[in-house]
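Below you'll find a set of structures to go through.
Below, chain A partners chain B and then partners chain C, in two separate complexes.
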Partner chain A sequence: MIIQPSFFTRWVSLSPRILISLLLVPVAAGLLGLILPAFGWLPALGENTINLRGFAAFFHTPGWTNMLGLSFFTSFISTLFAVILSILILGNYFNSRLLGHIQRILGPILVIPHAAAAIAIGFLIAPSGLIMRLFSPWLSGAELPPDVLLPNDPYGLSIILGLTLKELPFILLMALAAMQQNEIKQLINRQYKMALSLGYYPFTAFCKAVLPSLYPFMRLPIYAILAYSSASIEIPLILGPNSPPTLAVAVMQWFNDVDLSLRIKASAGALIQIALTLSVLLTWRLLEQCVKRFGFSTFTNGRRQYGDLCWKILTHTTTFLVLFFIVLALLGLVLWSFAGFWPFPNAYPDQLVSLHWNSALQQLPQTITNTVLVGITATAIALFFTLFALEAEQQHQTQLGSAASLMVYLPLLVPNVAFLFGIVWVKELLGVKAVFSAVVLGHLLFVMPYMFLSLAISYRKLDLRYAKVAASLGCSPFKVFYAVKLPQLLPPMLFSCALGLAVSFGQYLPTLLLGGGRINTLTTEAVAIASGASRRLSAVYVIIQILLPVVGFILAWLIPKLIFRPRQ
Partner chain B sequence: MDNTSKLLRIENLQIYKGDTLLLSIEASVAAGEILTVMGPSGSGKSTLLSWLSGMLDPAFRASGKLLVGAQDITQTPSHLRRTALLFQDPLLFNHLSVSGNIEFGMQQGKSSSKKQRVLDALACVGLSGMEARAPKTLSGGQQARVALLRVLLNEPSVILLDEPFSKLDSQLRQATRELVFAQIRQRGLAAILVTHDQSDADAAGGRVINLSTTGADKQC
Partner chain C sequence: MRVMENKPSYLIFMWILLLFCPLISAQGALKTLKTLKTLEPLKAPLLIDTQAIDTKASVTQTQFTQLVQQARGQSVYFYAWGGDPQVNRYLQWVAQRVNTLYAINMQHVKLAQTSDAVSRVLAEASAGNTTAGQVDLLWINGLNFATMAQNNLLEAQWLGLLPNFALTNPDQNPAVTMDFGMPTNGMEAPWGKAALTFYYDSAHTSSPPKTLPALLRWSKLNPGRFTYAKPPDFLGLSFLKYALIILSQQQEPAILAQLYEPPTAQSQALVLAPLWQFLDQLHPYLWRKGQYFLSNGASIRRLVDDSELTLGFTFSGGDIPGAVERFELPLSIKSYAMKDGSLSNVHFVTIPFNAQHKAAAKVVANFLMSPEAQAKKQQPSNWGDRTVLDLSMLSPEQQLMFHPSKRHPSALPANNSSPSLSEPHPSWNAVITTQWEKRYGAKQ
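What follows is the complex of A and B.
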């Protein structure tokens, strides 16, 4: 296409570079601001020699092996569980309507912020939580809450539970999204039918004929989840042990310590965190290779079934348990938020009161305003750049190269404890005082990749003939963009905005660090009161945390219906 | 030939989509015979194959019986029917070699004897020495032959052909067709071929059911 240069087209061709710089510069600066202090260079504290003091201090920390082990195994095992569960669900419900129902139930779980999910799960499994109450005293015989350390158990089992429940919907939905692309859908459907007609039992047919074609599409989401969970903060902070905690949580605590000299150790720890995340990824890669090498002969050994019935029953049971768990967690939140006096082992409160809601709603208006303002600003900026970057792709008829795509997702792959603290350090170094814009920038790093990811699919699927017809009728590129393309893109744009808002609402670490404690959002408040205070008040916070993004998605669904309502 | 000696019998089949009758068929196929079902797209050819293989979409409703030999398999799950499907795409697995793809179709057995049978079968269809190749490196006609071997060495009693030649050019088409039909006759399988190409029907040489006349069991 020949495009005449105008302000619009020049701006459009610049925007991919701006978008990538907006993501790359902070991450790069953040990493730099981490490496220097990690090797002992921290002029603000009068430290300007290069040495390994930070690493030495790290390796003298009592229990540092436990920290590493906890981070490594909780992320690896939870991802493994989530992947196995996804395969069981996909395989046993392949081509069944149940899969659609499961997708609709699990979809909304995805937008629940990690902090909220962690708090809800913590309530559920606590000794005085809803599960124990349901089975007491008639089954467990307990008249008092049992004396076990749950959540926060030293083995990280609660963390594994929390991560698995949060990762399962993500992997499942990413796999389903791949399976619903026309080409792949046809291929795997036919391969499945072919295998069935050759006598393979359904689940075995799925594993031997469909999974090898499907797994490549699940690989990146799995890597993203491994990277995320090995360095996540919220879930280990709320559900994990305290002494020692996971590496990421420990690093955060050192950074936030009043003793500023701990920053050198923290920076070294953050670099070790990056190495740990890489080693988790490498171990997964190794596991893939092993499965490939030792599992390969099973493809051609002619066996038609491997206890397919057992797997089916196992899948029914675990799917039911997962759904039961989620429903119970949500129910528990609602009950706690209205509970008056609620002695153990009653499964239902003695009285329901609106006291906690009243007091929370009195405290919260400022917090909710902050949350929404930061969210809307970050989402608007991200939408602006994402749209122009995608328009640039279309005008130049090229897709973002793989290197550029990788940069868009960089903030999601690099452990965020690692670069966020570096950003804070650089910010202090430059003497930047702005709080609100720093928080928005921090959120942008996570909002933009998700919005780009979701909007790119629709933008690249646009039927370009409309644009060509409009151009042939004399419309300028700008007019084609806003009068032809944008109206066609309204529903996916709104969906992507709702996603952006949900991502922003859920951010904990960027808000905490870049806001310097001066901007509180629902998530930071919820985490702050989760550890102590009142379980009832926490429940109210978590419910509002869940409802806020849901409102966004409802609006995204409703607005196109109102605008495009057929006129009578 | 009386009906009892037929290998495959379709009795009183009626398939409905919602409340409208899509097709209605009564047919039987002897061992080594190839029954051709013709019709334009939308006439229900693929739906018929889905029913035969036990994979009818829940949007359709069917009444009637399907018998293989004396056995009623109308309610038997797909994987226990021994009715193998051959699609127009070869659908070979890229993660397996040519011989791996064929072994995928074979029953469980001793690995060494399986390997030998694969080699013999490959030689039969002019693909000697191709066993270790990746399917992607084969030509379209070669891939079609490998897909055929995968189905044949599965030793099904019935073979269902879903326009298996439509993606091949005319020269290749004729050769592949002859090979497939010869193998079916030689192995005494009952075959149902779905196609919209008259030359396929002529080459099959068996009876032809034309679906465009909605359900009439017309003989040619």
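What follows is the complex of A and C.
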């Protein structure tokens, strides 16, 4: 395609670079703002020498090995569980209608912010939680809640539960999205049918013939999840132990400590966090290699089944349990948000009141406006650059190189405790006062990757013949983009905007740090309330936190239906 | 289609808005400067004319009038812990009032912990930001105050400018100028008084412990029904300090006196040993057998509501009836003060050295000490935080505002007398925290 250089085409070919630098520059600046203090350079405290004091202080922290171990194993094991569960569900329900149902149920779970999910799970599994109440006193005999160590157990089991439940929908939906791409769909369907016709049992056929082709498309999401969960804050903060906590939580607490000299130790800890995340990723890579190496003979040994019936039953049970758990968690939230007095063994509150909703709604309008305003601005900017970057791909008929795609993923792969504190430091150093735009920029770092990934699939799938016809009829590239491509892309664009909004709504650390507490969003308020005494108010906040992104997705689903309604 | 057409124009609008924000605030600053210039010549003669005996008061009054003028139209970012809906609601009311009275736009920035704001001010200081800090007003006391004062992060000598400060009768009430034994030197304004108050669920125990030794006996009889939050949590530390003072009282007077001096290696070993002995006995009978401690003392109330705990404690005793009213604690809750003493302290508001809106922050601090705001705060249904004002300094009508309506069944009985235990020197906090962490912190 020969393209006349115009303002539009020049802008388009520039935009991938702008997009990458919007992501790369803050992360790099943030890392720099971390490395200097980590090696002892913090002029504010009169520290002007390069030394290893921070690391020495870190290795003198009581229980630092436990911290590292906890971060490593909770993230690794929860991801492993989530991947195994996804494979079970995908394999056993492959090509069945159930898969669509599960996708529809789990989709909304994906948009529940981590803080909200953690609070909901905490309500459920505590000794006085809904599960215990359902079985008390008739089964457990408990008139008072038992004194057991859940949640916040020292082994991180509650963290693993929380992370697994949050990761499962993500991996599953990413795999399903890959499976719906035309060429992959055809390939795996062919192979699956072939395997079945050769007498393989369905689940074995899936594992041997489909999974090897599918896994490469799941790899990047899995890595993102490993990286995220090894450094996540909200779930370990709410469900995890505190003596010691996970590394990321400890680092955050040191950064916020009154004792300002802890900053140096915190920076060193954040660098160690990066090393830890890398080692989790490398261990996973090693696991992949082992499976590939030792599993190869199993894949090709021709055995037609491995207790497929057992796997099927196992899948049915776990899927049911997961769904039951989620439904119960949501139900618990709703009950708490309306609960009057609710003494222990009762599974239902003594009375339902709207007091908590009233008092929350009085305080909320400003918060919701902030949340939505930041979300919409970040999403709009992200959409703008994402569309042009993808258009550039099409005009130049190249896909982003692997290095460039990795950079899009960068903010998701680098632990955010690591670079966000650095950004705050740099921001202070430059004397930037802007609060709103700083928060928007911070959100952009996380909104943009998700929107790019979700939109890229549809953009690359776009049937280019329409565009070619339009171009051959003399349309300018701008007009082709604007009048032919965008209308075709409306549904995925709206979906990706809803996703971007959901990601923005859920951001805790970027809002808190870059906004300096001046911009309260639902998530920062929810975490602040969760630190207080009122479980009922906390439940109200969590429900609103869940509803807001859901509204976004409903709009994304509704608008195309209204616009493209067949004319009477 | 329509959606896309609107986006660029929306974006342009946003960017224009962003560009204009600094301009708008710059205009505000200009206006303040102008007011300042016009005011000074006007007010100067007044200063000379006043009678000697009233000079101090009227100087204060004049300077305060100037402050009010400057503050008009300013925003105040009030950084305060946001974990309690009752306190948040009270601050919303304050925001409305200062807006009506002084045209000040007060924003409550809700903190999960006060140290977040302290580290923010430090970060600003280290980046050379000395005039445009984000924190205008900060709710603070104890260690956070000590840290900020030591690092010269606070605005100096402004308390004398506030007319309502005289109502606390500072000459007779040294508590309002001492923060955990450290003189405040006019760097913070007293806001409220708190004392450690215990509460229990009378449905599960009829004889709550009234002294520290009784607490140990009670815990052995009711294992797993009491806990405290791990230091450096404010409430957890308060419990430890209560125990420490009571245990030291049982020894020579010289040992107790050590608590009010900065700790030395010697005094640490001497004073803390009985505390660790006591805790070693108590911990096996605590909630979760003392293997897990809450990070946040406020969560104790939630656990009492869940019946996981039977006995809890708080620093704002007035909070308990309010919580029952909101269904957050059962009707069977009763409050009481320990017979052997209640740890008491005053909490303050302060202004960082680099606050951007100092004038308005001072006016808000003055309003917080006004009879109106203090009386409202003391009502159990609003917050129940005790006033710092000396009621004898007020007019009879003003005094009337402080008299409680009917006592709530869950509130502290009026006749419940308990000796007031004053806070140890603030440096003990860090010592207790580190030593506690070493003994009970990082174990599996």
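Assorted remarks:
FYI, the second predicted complex is superposed on the first by the 565 of 568 C-alpha atoms of A that agree within 3 Å, B and C clash if a C-alpha of one lies under 4 Å from a C-alpha of the other, contacts with A are read in each partner's own complex, and residues count from 1 in each chain.
The criterion applied here is as follows: a contact is a pair of C-beta atoms (placed from the backbone, for glycine too) under 8 Å apart; a residue touches a chain by one contact, two chains touch by 3 or more.
Since this is a predicted model, take the numbers as computed values, not measurements.
In the superposed model, A:Glu525 makes contact with chain C only, not with chain B.
When the shared chain is aligned, chain C comes close enough to touch A:Arg535, but chain B does not.
When both complexes are overlaid on chain A, the residue A:Ser13 reaches neither chain B nor chain C. Within the superposed three-chain model, A:Ala434 lies in touch with chain C and out of touch with chain B [touch as defined at top]. In the superposition on chain A, A:Pro43 makes contact with chain C only, while chain B stays out of contact range. Legend: residue contacts after superposition of the two complexes on their common chain; A:Leu383 is shown touching chain C, with no touch to chain B. Ranked by how many residues of chain A each touches, chain B and chain C are led by C. In the superposed model, A:Arg304 lies in contact with chain B only, and not with chain C.
In the superposition on chain A, contact of A:Asn242 is made with chain C only, not with chain B.
By the touch criterion stated above, A:Thr318 is placed in contact with neither chain B nor chain C. Within the complex, the chain A residues that touch chain C are 42-45, 61-63, 66, 126-128, 144-145, 147-149, 152-154, 241-244, 255-260, 263, 339-344, 353, 355-356, 359, 362-363, 377, 380-381, 383-384, 424-425, 428-429, 431, 433-437, 482, 486-487, 490, 494, 512, 516-518, 520, 524-525, 527-529, 531-537, 559, 563.
Of all the residues in chain C, the ones that touch chain A in their complex are 1-4, 7-8, 10-11, 14, 18, 21-22, 77, 79, 82-85, 88-89, 92, 107, 109-113, 115-120, 122-129, 132, 134, 143-144, 147, 151, 203-204, 223-225, 230, 232, 287-289, 291-293, 295-296, 298-303, 305-308, 323, 326-328, 330-331, 430, 437-438, 440-444.
Within the complex formed with chain A, the residues of chain B that make contact are 53-55, 58, 77-85, 87, 89, 91, 93, 95-96, 100, 103-109, 111, 114, 150-151, 154, 156, 160.
Within the complex formed with chain B, the residues of chain A that make contact are 97, 187, 190-191, 193-202, 205, 208-209, 212-213, 299-304.
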